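Two complexes come next, and they have one chain in common, subunit A, joined by subunit B in the first and subunit C in the second.
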Partner chain A sequence: MLRRMTPYLFVLPLLGFIAVFTYIPIAQSMNLSLREWDFLSPTKPYVGFDNYRLLLDSREFWNALRVTAIFAIISVPLRLLLALFIANQLLRETLVSRLMRGALFFPSVTSTVAIGVVFSWVFSTDYGMMNALLSSFGLPKVAWLQEPHVALWVLIFVNTWKQLGYDIIIYIAGLQAIAPELYDAAAVDGGRKAHVFRRITVPLVMPTTYFLLMISVIEAFQVFTIVDVMTKGGPAGATDLLVNMLYRVGFNLFDIGVGSALAVLLFAFLITLAVVKSRVIGRKVHYEA
Partner chain B sequence: MGVEMIARIKNITSAGLLALLGSTTLAAADVTVEFWHSFGGSSGDALNRIIENFEAENADIKIDAQEIGNYNDIVTKLQAAIPARRAPDAVIMEVTRYGLFADRDVLKDLTAYVDADPLKDDLFNFAREVGVYEGKNYIVPFNSSTPVLYFNKAIFQQAGLDENTPLKTYDDLLAAAQKITQTLGEDGISGIAAPGQFARWGLVMDNDSDLIDSVSGDILLDAPNTIEAYEFMASLVHEHKVASPDGVTQENNGRDAFLAGKVGMMINSTGNYGRSTSALGDDLAVVPMPCNKVCAVPIGGAGIGILSTSEQEVQDAAYKFISFAASPESNAIWFSETGYMPINKNTAEQPLAIEALAEKPGIDVAINQLDVARGRPRPPVVTWMRASEYDLWQAMALGQREVPDVLNEFAERTRAEADRLKK
Partner chain C sequence: MKPENPFVAVLALVAGLLFLSPVLYSIWMSFQTADAYYTGNIDFTFRNYEMAIGQYNFARYLVNSVIVSGLVTLIGLAVATCAAFAFARYTFAGSNLLFGAVVATLMIPSHITLIPNYLTLAKAGLLDTYAGLVLPAVSNGFAAFFLRQFIRGIPRALDEAAYMDGASPLKVLWRVIIPLSKPAILSMGLYIFISEWNNYIWPLVAIGREDLYTLQIGLARLYRVNPGEDIIDWPLVMAASTITILPVLVGFILVERHLIRGMMMGAVK
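And then the complex of A and B:
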């Protein structure tokens, strides 16, 4: 009996930790999503699925979902393509490539709040560096953070700049794991660079791409800090990503029920997306050459 | 040698033990009041002076003051801290946003404390009123303000405007802002800072309207004069382009640009007087708010409340501090350093206040406006309304939506939310 229990006893402390910080909060969110609460009232009346109905009927929710989807659809492929391209250039172990890797990784370990504040000033319409640069070429100013169609692109740019270094480092590790003999064989066969990249590098780095795809899609749906610091979801909802809306509804508008319903929907959506990705893309990933 | 050494160690140990026991006894006698506030920079320094003076007079009470952020940040953090049982003992609360917390019994009813405190008769009526919700006292005023109109004399001069240029009506403001932008726009100087929320409320009142009626509690967001006021404010940004859109998406940008000498005029709380004089020196001028249709200004600022969850002993200590902070001596420090209005009738007799009034031109503008100052209602829905208004203001000011459409819809939603919160 004790012998059978031993493995479970070993994982029990970790399970307890995960339960306290992950499973119990998820269960509480699910519970709160069925109640009306403002954080302050002693009672939390049960309202059934009213919060979900309210959310699905609201213009804000569909706007936030649309904005988040656009953010993810643009930023994820952009990040992965750029990272793969740059990683391929920095593969050789030279002093310059090591310095470049360090420089590119630096934003990943920099405070997101600090990055947001600095870029808020860089993209300030009247006092920012970007418009000063445009003016020096005689070009008109751009309302980077006030123009709805532009503000989201600015956030995509800043987020890509911050996350790119991490993707590059992971890609470099993946690229270094490819057996050099394959490239030697391709060279003997007279394979062109682009052809080798498409036929050897891309398929063999697929497990890394798949891992980064999973991570970056989840991350894209959870972006909050940059939005909070730079735009607060504005102008007029143009950068109101789902987590920003969740924070605004729950913490600024005192509606924890609707905020929790949004959190549960986001959770369900990400789980579904992960399952679909693993079914559709996961099958095409080969872990051995 | 060895015996001497042992004796010395014994002495040191005994002294250490005594000191430890002494400090433990002292610590046991102390009451610590955790106090959340929103004052940094020179205002934070002034608050620290008041706290130091209080602790010098009350050695058994320690004020653990923590700067949390602006008024919005305090509301957000407080509501998260309450269910987590991490709420402070005392907290600064903006005058229109504490109603929800009072309504939910989060804030302690201070009526008994205030009634027994001689301070009650020393407070100006406008100041005492801001602490009253549903007939009970929930906060004691600390920093009271009204919006005022600041302008940069050097910019006016460069733009060819006289210092006495009339700034009474919306048209006056627009004309001065246009002149500055046309003359100095190429140097990166704009006419006026996009009005922040407090200034917006003030400009609505100047247009003979309000956001919520202070007597009946009716929602007036869709009243014709409110719509007209918002149309004027929005036009400064997207139609006339005399206010930078930077100040629309980040309200502090407008103030920061004014302090940096990049904006000609700014409507903002009198609580910005201290930092404005530090930044602009003699170039700063302060004049009363415009009177477009009527002369009226909102009373803003904040007071200090006590949390119901704190122990009685801590609540008593917290009230002692709150009362001290509103005393003439403390209030004179606060007034002279920050520009917030005196709240105590006896503050004017304090040397610091006399000196400030004599030597700091413009510091009395807010005081002189008090004849036309109005308290604002603070039902629970105001917190929601103010939090929601920012996004809608952006849509209007950046020309993305028509002002009447936005305000009509907003009024409906606010009425619905008010009904929901009443339940």
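And then the complex of A and C:
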């Protein structure tokens, strides 16, 4: 009897934590999204889909969706292109290439808050590095984080700077898996560098590209810290990404119903993407072997 | 290692320094007096660190971060290793389903649990406690998945030899599996510790008491103390930021290769 119980005892702690802090909360969010509540009042009246309707009728939601979509559409391809190009230069196991990998990778494991603070200084109007640089070329100062048309681009820049190293490391792993004979064959055929890159490297590293594409889209839809530190969603909602809106609605406005509805919508979208990801990767991953 | 083309090497190093220049300059700035910084002079000082650690309580935040990240790592590894052992070595009713439930957490975005977990901990009276910071972060589906894959690569004959000697499953785990899984456990430990060290949104939600702030919360608050950027004491803020970055930076330099290998293996999932 005890023997049969053994594996259950081993998995119990993990499954207990997962149940209490992951799976039950998902059900709770769905339930709360159908109620009206402010954290305090003793009752949570059922209101059907009112919270969803409220959300879909609000300008705030569509703005956040638009801003998040722009963030994803710009930052994801930018990251992947840069990362593939740089990874392709850092394949050799030399001291310099290892140092470069380290330098590029470091931001992705370091504190996002600290990075946000440091770049708030870099892009601050009066004493920042960027404006000092512009001034030294005789150019006028830019109010990087106060200008609605500029602030989102600054966030995209900072996020790219931070995450690029991770993408590079993953690409290096993918590129190193390509059989060297293929490159040798191309060299024998007299293929030019750009040609080899386009015809051999890019198609053969496709599984890695799919993987990075999916996780970086999912990540882009969950960006919060850098927004909270650098702009708080401003100026005038120009950087109000979805999770920033979720935090505001839930924990500043205490509108648990609408906050939960937003969480559920975002969840449904990201789960769909994740399922697509596992399907696509499942299909493409055998490419290299 | 092959010798470098010195021109390429210098170019690469310059590019690397340029890439990291905001962080490097922020560290430099943290050793400057505010007056010197704002007037463009150079005046070396430790006062920013004294202020951050003393007056602004960053010593306390550092201790909190170490305690919370340490506990999450230790408990997280223990829980994940036990589960990984069972999923790697036993077939039991529902094992596939349960393993699927663990792996599925990798796809579940954490914000969906934000409001409910806040409510759960409020009900349990655990907001504003270390437990409130640690418990929701303990379960790590990725670590369990990763360790299970690793344990499956360990020959079963080793377990069986130990069972023949009358060892219990717990003893096999402790004496055979864990010693042989050290590199994987170390990689996962680093990964969990760093993720938790940098965690922001959960402590932001779960902690209101100043003496329980982690470094991330303390830094974000210090930076926001003075609205209007002209009166931000940048050298002081950069000292606090350096305190927040430094432990990870030092750890990173020591174990960079483990970390990168862990990331690469993780990508192959």
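Throughout what follows, the second predicted complex is superposed on the first by the 256 of 289 C-alpha atoms of A that agree within 3 Å, B and C clash if a C-alpha of one lies under 4 Å from a C-alpha of the other, contacts with A are read in each partner's own complex, and residues count from 1 in each chain.
In the analysis below, contacts are C-beta pairs under 8 Å (C-beta built on N, C-alpha and C of every residue); 3 or more make two chains touch, one makes a residue touch a chain.
Every value quoted in this text rests on a predicted model; they were computed, and no experiment measured them.
Peer 1: In the superposition on subunit A, see if there is space for subunit B and subunit C together, and answer fit or clash.
Peer 2: On the superposed model, which is not a single observed complex, subunit B and subunit C clash.
Peer 1: Now for A:Leu104: first (subunit B), second (subunit C), both, or neither, which partner does it touch?
Peer 2: It touches subunit C, and subunit B stays clear.
Peer 1: Per the contact definition in the header, classify A:Ala187: touching subunit B only (first), subunit C only (second), both, or neither.
Peer 2: Neither: A:Ala187 stays clear of subunit B and subunit C.
Peer 1: Kindly classify A:Ala179 by the partners it touches after superposition: subunit B alone (first), subunit C alone (second), both, or neither?
Peer 2: neither
Peer 1: Quick check on the superposed pair: does A:Val264 touch subunit B, subunit C, both, or neither? Answer first, second, both or neither.
Peer 2: It touches subunit C, and subunit B stays clear.
Peer 1: Please work out whether A:Phe251 is in contact with subunit B alone, subunit C alone, both, or neither, and reply first, second, both or neither.
Peer 2: A:Phe251 sits against subunit B and subunit C alike.
Peer 1: For A:Pro235, is the partner it touches subunit B (first), subunit C (second), both, or none of the two (neither)?
Peer 2: It touches subunit B, and subunit C stays clear.
Peer 1: Looking at A:Ala143, would you say it contacts subunit B, subunit C, both, or neither? Reply first, second, both or neither.
Peer 2: A:Ala143: touches subunit B, not subunit C.
Peer 1: Look at A:Leu81 in the shared chain and tell me whether it touches subunit B only, subunit C only, both, or neither; answer first, second, both or neither.
Peer 2: Neither: A:Leu81 stays clear of subunit B and subunit C.
Peer 1: One more residue to check, A:Phe224. First (subunit B), second (subunit C), both or neither?
Peer 2: In the superposition, A:Phe224 touches subunit C alone.
Peer 1: Which one hits more subunit A residues, subunit B or subunit C?
Peer 2: Between subunit B and subunit C, the winner on subunit A residue contacts is C.
Peer 1: So which positions on subunit A get touched by both subunit B and subunit C?
Peer 2: 120, 124-127, 251
Peer 1: For the complex, give me every residue of subunit B touching subunit A.
Peer 2: 72, 76, 79-80, 82-83, 100-101, 104, 106, 188, 190, 244-246, 248-250, 253, 257, 262, 383-384, 387-388, 390-392, 394-395, 398, 400-401
Peer 1: Spell out the part of subunit A that touches subunit B in their complex, as residue ranges.
Peer 2: Counting only subunit A, the residues touching subunit B are 38-41, 120, 124-127, 143, 145-148, 231-237, 248, 251-254.
Peer 1: If we count contacts the way the header does, which residues on subunit A are in touch with subunit C in the complex?
Peer 2: Residue list for subunit A touching subunit C: 4, 6-8, 10-11, 13-15, 17-18, 20-26, 28-29, 32, 92-97, 99-107, 109-122, 124-127, 129, 161, 166, 169-170, 172-174, 208, 211, 218, 221-222, 224-225, 228-229, 243, 246-247, 250-251, 256, 259-260, 263-264, 266-267, 270-271, 274-275, 278.
Peer 1: Over in the complex, which subunit C residues touch subunit A? Could you list them?
Peer 2: Contact set of subunit C toward subunit A: 1-2, 4, 8-9, 12-13, 15-17, 19-23, 25-26, 29, 37-38, 78-80, 82-83, 85-87, 89-90, 92, 95, 98, 101-102, 105, 107-120, 135-136, 138-139, 141, 144, 169, 173, 194, 197-198, 200-201, 204-205, 215-216, 219-220, 223, 229-230, 232, 234, 237-238, 241, 244-245, 248-249, 252, 256, 259-260, 263-264, 267-268.
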